[in-house]
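Have a look at the structure below, then the notes.
The chains carry the letters A, B and C, assigned in the order they are written, with residues numbered from 1 in each.
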Amino acid sequence: ILTFTGAGLPDAAFWWKERATCCKVPARRFGSQRQLVVVEPSSTAGIAVLKLKNPPVNSFSLEFLTELVINLEKLENDKTFRGIIITSDCPKAFSAGIDLREICGKDPAYYTEYWKVLQDLWLRLYLSNLVLISAINGPCAAGGCLIPLTSDYRILADNPKCLIGLNETRLGISVPFWFKDSLVNIIGHHASEHALQLGLLFPPAEALQVGIVDKVAPKDQVQSTALSVMAQWLAIPDHARQLTKNMIRKPTADLLVKRRDTDIQNFVSFISRDSIQKSLQMYLAKLKQNKD
Amino acid sequence: ILTFTGAGLPDAAFWWKERATCCKVPARRFGSQRQLVVVEPSSTAGIAVLKLKNPPVNSFSLEFLTELVINLEKLENDKTFRGIIITSDCPKAFSAGIDLREICGKDPAYYTEYWKVLQDLWLRLYLSNLVLISAINGPCAAGGCLIPLTSDYRILADNPKCLIGLNETRLGISVPFWFKDSLVNIIGHHASEHALQLGLLFPPAEALQVGIVDKVAPKDQVQSTALSVMAQWLAIPDHARQLTKNMIRKPTADLLVKRRDTDIQNFVSFISRDSIQKSLQMYLAKLKQNKD
Amino acid sequence: ILTFTGAGLPDAAFWWKERATCCKVPARRFGSQRQLVVVEPSSTAGIAVLKLKNPPVNSFSLEFLTELVINLEKLENDKTFRGIIITSDCPKAFSAGIDLREICGKDPAYYTEYWKVLQDLWLRLYLSNLVLISAINGPCAAGGCLIPLTSDYRILADNPKCLIGLNETRLGISVPFWFKDSLVNIIGHHASEHALQLGLLFPPAEALQVGIVDKVAPKDQVQSTALSVMAQWLAIPDHARQLTKNMIRKPTADLLVKRRDTDIQNFVSFISRDSIQKSLQMYLAKLKQNKD
């Protein structure tokens, strides 16, 4: 198996390709510093497996988000790909979402850039022409749900530690409206109201029941399950499926497209408040203390 | 029992009425060449049973659609009727939807007329003041779902051959947005996204679970079940029920009313594409070959 | 236990406060003639229990609605409160909704005032910053559902007499669109269409299944269940939860805010019709006859 070697960002060398020549694992691999793209060797259908690797918990640093948007754009424009399975390469989590250090102690210009790339990621995923399947092989909280919420299908590891949910209110913050919109589209209005107000984190069985995931599988079979689900989706002609997906999702995406600037302004002014900054600092200090 | 005799279309003679005088089956019957309207004899409530009879599979030819819209309009304006049960008179299917020969090898003016009457049918049914119940006594695929999707209640025959669903993507095409809207109103956003992208055809038990039908009944009891359900609906004063139905459905219908012309243009330009025409021709040739 | 003593309406004396000094039931109580507000003694969290007491069935007279809006506004503005449990002090019902005598035989100005305060109540509750839990300890029909439909959580007494639902069509009238909107937000479009057209009243098990209530509890445990559910909701920081609730609910509330005047005009012209007035008079006469 090829060992991943990081590459600079975001120049031409960033997109690193190599055909593996080892006969047993004939996988092409793409990569960037914080994501690893493996092309399924057994598949003739053009399935990419995108592995998030921003240890320890795939939190969203600005660099991570930027790389991810670029990697997704490359996959979108590469005609050899029809579907992406997104999973975690970090044993501790699928994703913990927003890196609090990115929204604490920086200036408004930085917050603006950060929020813009987060919007970019949501839009890129939500309107992707590719089939997106989230293979959620670890805990997935708050902003970490962005990828599952914008996928076509979600598979969660059947492990009591693998909680999934938008627990923002427990941290004293609110989700952006586009997170809410994509959640409502998946689990409905009432369940979303309940889950978002209470900041619920669902264990696998409950996650399946409320509908925030479509399937639960043993942890070591999450990726293989994703591959068989993907095969069903790729049995459908791309063009008709893409038209259909776009017709259903565009009205929701348009809400963000129309209000991007206002949404950025709202976020920047909210996060710049003294009270919010103080509470984030205290929270980060406590996290650091727990580590020491 | 009166034998149905076809009538010309669409002049005054088209609408043929006769009170049956046979004491045992005192049914009034209406008709046209491709539909049969039977008035339930036992009912004092004004229930019409509309039987689709465009063999072999009630596919939507332009004539069939035109007759159906006219028949429905007559029933709507005839004060003796309060509810319609729509079912199939063809043993092989409830309806196979759009007749592909109508959208293949014709000119844009023809496609325009065809799509307009399909929109007329959807609007006529979706905003009907009558109680509409679909007694789905055979397979019901793609455009064939138009009638169930616009009904107030759907009963499906409990037979493994009686699949129901919008499998358009499997044929390389996309459903119009108003089909999608009425499906979302019935089974919700997420299930619709899944069902439409994958072109799923549901067997009875799954159809009931996903909610695309409201009830499953043995094939020979579908119509009698429809009659008892209808009795519950007709226990409600018409005026209040109609106001309520209209209040709930009008926003969805308005979306099509506002965008009818654009929707026609989109369809005509899509279906006129060489690539689409070629793939339809190949599909039709294959169907013909299978028959020979 | 303090005996409730009514107070005039709506002057300053209307809002009557007293700290109970009895050591065993150290409850503060607020009140008005038709509602009783008890502050939970055991709670440090600021939970008010608002008991509806307009015997025999808490029907919505103009005075009752006016008092309720004022009481809710006071609670909303009193920083000691974070949540309200709304329940009935009348053994016979949670609420029967609109008092038909208020919409029969009055003049348009009266109907206008009545409808306006009903809208006020819905808006006040639907956008409340407080956590609202309905402890539905008796039958709850038609307009009586206004309070549950606008609450964050609904608990129904597990008693076959405790039916809940919007049975307006059975009385020959239609629900206003904002009732419909809040019902759709809770149980979805299709179930709402079905329930509203048929005017369904659900017994507890069915109410839970369709989702019009969130929990069923033995009748004598409805309030204690509400208290433990409230504790879960109050574990969430108010500000983040309020922002989240407002984000989800504002689009629905805005529909009414924008159309208040038209909605009043529609109601007044509908209810002023001779045919409607006659049918209401007959219905009221029958009710009176049954009592005599």
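Here is the rule we use: a residue touches a chain if its C-beta (ideal position, glycine included) is under 8 Å from a C-beta of that chain, and two chains touch if they have at least 3 such contacts.
It should be emphasised that the depicted structure is a prediction, and the values quoted were computed from it without experimental measurement.
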Touch-based graph of the chains, sorted into line, ring, star, complete or other: complete
Copy pair subunit A, subunit C: interface residue numbering same or different (half cut): different
Angle of the C-alpha superposing rotation, subunit B to subunit C, to the nearest 5 degrees: 120
Centre-to-centre distance between subunit C and subunit A (centres being mean Cα positions), rounded to whole Å: 41
Multi-chain contact sites of subunit A, meaning residues that touch two or more partners: 184, 188
Partner subunit C, residues of subunit A touching it in the complex: 168-175, 177, 180, 184, 188-190, 192-194, 196-199
Contact set on subunit B toward subunit C in their complex: 152-153, 184-188, 211, 214, 232-233, 236-237, 239-241, 243-245, 247-249
